[in-house]
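Labels run A, B, C and D following the written order; every chain starts at residue 1.
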Amino acid sequence: MEVGFLGLGIMGKAMAMNLMRNGFKVTVWNRTLSKCDELVQHGASVGETPAAVVKKCKYTIVMLSDPPAACSVVFGKDGILEAVCSGKGYIDMSTVDADTSTKISEAVTSKGGQFLEAPVSGSKKPAEDGQLIILAAGDKGLYDEAIPIFDVLGKKSFFLGQVGNGAKMKLVVNMIMGSMMNALSEGLELTDKSGLDPHTLLDVLDLGAMANPMFKMKGPSMLKSSYHPAFPLKHQQKDMRLALALGDENAVSMPVAAAANEAFKKARGMGLADMDFSAVYEAVKVPKQP
Amino acid sequence: MEVGFLGLGIMGKAMAMNLMRNGFKVTVWNRTLSKCDELVQHGASVGETPAAVVKKCKYTIVMLSDPPAACSVVFGKDGILEAVCSGKGYIDMSTVDADTSTKISEAVTSKGGQFLEAPVSGSKKPAEDGQLIILAAGDKGLYDEAIPIFDVLGKKSFFLGQVGNGAKMKLVVNMIMGSMMNALSEGLELTDKSGLDPHTLLDVLDLGAMANPMFKMKGPSMLKSSYHPAFPLKHQQKDMRLALALGDENAVSMPVAAAANEAFKKARGMGLADMDFSAVYEAVKVPKQP
Amino acid sequence: MEVGFLGLGIMGKAMAMNLMRNGFKVTVWNRTLSKCDELVQHGASVGETPAAVVKKCKYTIVMLSDPPAACSVVFGKDGILEAVCSGKGYIDMSTVDADTSTKISEAVTSKGGQFLEAPVSGSKKPAEDGQLIILAAGDKGLYDEAIPIFDVLGKKSFFLGQVGNGAKMKLVVNMIMGSMMNALSEGLELTDKSGLDPHTLLDVLDLGAMANPMFKMKGPSMLKSSYHPAFPLKHQQKDMRLALALGDENAVSMPVAAAANEAFKKARGMGLADMDFSAVYEAVKVPKQP
Amino acid sequence: MEVGFLGLGIMGKAMAMNLMRNGFKVTVWNRTLSKCDELVQHGASVGETPAAVVKKCKYTIVMLSDPPAACSVVFGKDGILEAVCSGKGYIDMSTVDADTSTKISEAVTSKGGQFLEAPVSGSKKPAEDGQLIILAAGDKGLYDEAIPIFDVLGKKSFFLGQVGNGAKMKLVVNMIMGSMMNALSEGLELTDKSGLDPHTLLDVLDLGAMANPMFKMKGPSMLKSSYHPAFPLKHQQKDMRLALALGDENAVSMPVAAAANEAFKKARGMGLADMDFSAVYEAVKVPKQP
């Protein structure tokens, strides 16, 4: 099976490699073409432009860093709009908002192509191991055809209906993540100020009904005030804002998420925007007195 | 090793059985003595009164339902105060508040006895399987001597320092649980009102970094509006109130827990006090319009 | 002094009348021209189009209902852009957002004209009595020249600096209003459920340091569940959302306003969007049980 | 009319003086008897003990600083319980909690006396000017008899029903006060960080529907970070906690008050407990970065 792959950042490279390891023939493209070299050594072909890749392959996957990058590869010179047509499937696995997704979808389908948004949950390691969670939405026919691809890339894929639903589901998940991170932060601070050992709290949590990988991974580094950004706080706060806005559209009142969002804002005001989102713990702490 | 055991409710019976299966000689007592019969068939002895049990055994464990029951067995007629003395260890595994624990501790130690509070996390099944989590605090010497007992009853025991710390740690854990339950409820409602399937949200959550046994267990029944009380909402709300009060004492600001607490209050106002604490979902939902 | 006046709705008509009563010569225009008749009977001239009014008058005031109306009078056919030029002052007293205001400002100034946004606080009665509060921002020179106009229309005018600041100040004021309305609602419900008389609470409040016209005016009708819309709840909630967004831009954490906003959302979910914003009281109440 | 008066602190002295100026014969007592001197110069008699005052006077008013003081004058040696009997009215105008009030009420009525709790709203100046607000509850007959006294001391008195209701009404009022103070603080910070002048916000507020004496008085000093304690922050936070607890008893969900309470806790954690409650503004501010 021949697959095009646009975007060879940390995630894209791991995913393209993974596809090749599993028998797919892959044609790659990257804005900085030299980034294709390693893939070529493992057997990939190179497309000169996004349009060239689409021309060659029935299915093209894109994995870019943000909405502007995702748009430029579609609408720019030699972009995929110049080649996409009936019989071509375009699968955008970048994390973009519902509006961007819809805009790209309309452009692709107006040319006769099929479109799927398919943002993923998971970072570098799951990408390498084919353990991503894939939140697909858009063209159901394309989704069904893409299942062999998704089976390689992810441990599980979901088809969520119309374009935009993938982005929305990711917002809801990240909103819950942000509230849970605040719950943990408040708990750690409460133990600390009550004369209990927050490390013990982590141990107790990890043995019980609330045990989860995030608490296990983030908890110990939070207690060392170590916030190397796996997921920057400003992005977490932006996702909470967007989730609350989604609630606003639908008249859903979410006071816990709203309180968590204000704590992330407080953390931003403290200069922690570029640290890991777990740095909200610093905003929860009782300030040290001079 | 000879151990006394007071209180043969659901939890106590499972724990006493477990001790016997693991080679302990157990002398039991229960307010309704007939409840001892099944244990006796498995080899237990019976003590006529709490005092009689303490007189006979070096270590006595108590597992009762609430503070008044825990107190009556200590301070009442034929209570353990009439027999406890130097060389006797008294281990209260009931869930009581820090003040009750302290009161019992002072009474026991004033008679020369040793005291340990040791509330547990876990319900019937973990009790039967020896998979409880034990939050012990009080006399460190007694804790060290009791380790063979705790090794049988629990998968892990913690020694948390002075009496009251066991109760406090449990409050912190339950506070985090309450905030997480609200985070989940808000997420389920947001998916539902945004045209996404809340069952899918549960599936996505269960595959990612926030996967935890509570979401997995409670989520599906919440979507069926099924709230058989494993842990009644009014008790959850009481624990949140007490955790917030502990924060108040120590000037810890916890806006997320406070918002969660108000949602549980709202649920109580809706008549859900005696349902499972996951019924807070009903208070989070957008009201149906007539 | 010759003044143009565009927009003769409830507010605009009252303001134009007031100007005439105080000796201004006024040339009016309204989309439905017949609405000009009453003003003409009191001595007003009529302009056929917005452009015609601007051509005739050195200063033109506009008072329209929303951003689209405010824009159409500027950018539409025979709009003011066709006539505005150096020496002409354009004063937009409609309530529009900062972005709309900036867009109109740039268009007017690019033609050489001077621009002032000047949203007002106050409704029909203060408009008739010249008791509005005027929040002006933009061209300081024009503001200084317009003071005789503002002295007639308002009891007080403020110059707030660059265009957009008038809109922002109004958001902050309305945010405080929304939080206060929630504070009152919670207080009324707490008295009611605690066996106290909420009418007495209103009386006590009105005698003390928190006495304010809003509590005095809204309180009694809230207790009658009477919510005739002086300011619709959906607009109040929109302003809270925009105020929180302004805080988001500037990393200001506002947990009380956020909680109040979620209560207004809840009220929207209950179908109260078009009632007065004081109807948030219904969302605060403990639900009646069946 | 002969009236006893126990407690000559700032408030009590002003009130007793006021009674004498209005023709009442007053017999005073104070723990430090020398504090009676000034009153004696204006014509007061002195009672040697609380019991002696009660013995002499049909009505005795007490105005003490806190529950322990209010109790000691009742239950202590030579306390009023030694003299109170049928035909004697005891009016406690101290600010005490509902439980203390109830305890004193039961003691007084068990001796045959009549009891009224009557906490006041207002500070030194209103006390001197007879402009207090009086929240009375307890014996209605005594209330009716005491009206001539209350007419002198206050601008308005309320009879609120059973003992405890005066204390509760004060909690509700103070809860609203705390939420409003947070609303103002958030608004001031939002203007400041958005490039608007917070002084202007105060001016705009003072002209509109939310104008109130508290904003007018506290606002300007908050902008100077001047927090001389008229009402200490720790007392405000305690009252919010108690109001939330009253809501808890009655299943009233109050998310705005809860958020405000957490902000006051944050302020306590910052070391502001003994400053004026308006110092919560410091906890609302975006932290200055190093």
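Note that contacts are C-beta pairs under 8 Å (C-beta built on N, C-alpha and C of every residue); 3 or more make two chains touch, one makes a residue touch a chain.
Note that the coordinates shown come from a computational prediction; the quantities given were computed from them, not determined experimentally.
Farthest from chain D in terms of Cα centroid separation is A.
Annotation: 39 Å between the Cα-based centres of chain C and chain D.
Chain B and chain C, compared by their mean Cα positions, are separated by 56 Å. Multi-chain contact residues of chain B (touching two or more other chains) are listed as 247, 251-255, 258-259, 262-263, 266, 269, 286. With chains as nodes and touching pairs as edges, the resulting graph is complete, every pair of chains being joined. The touching residues of chain D, when paired with chain A in their complex, are 255, 259, 266, 269-271, 286-287, 289. The touching residues of chain C, counted against chain D in their complex, run 121-122, 133, 135, 155-156, 158, 160-162, 165, 168-169, 172-173, 175-177, 179-180, 182-184, 186-187, 189-191, 193-197, 200-201, 203-205, 207-214, 217, 243, 246-247, 249-260, 262-263, 284, 286. Residues 241, 245, 247-248, 251-255, 258-259, 261-263, 265-266, 268-269 of chain B touch chain D in their complex.
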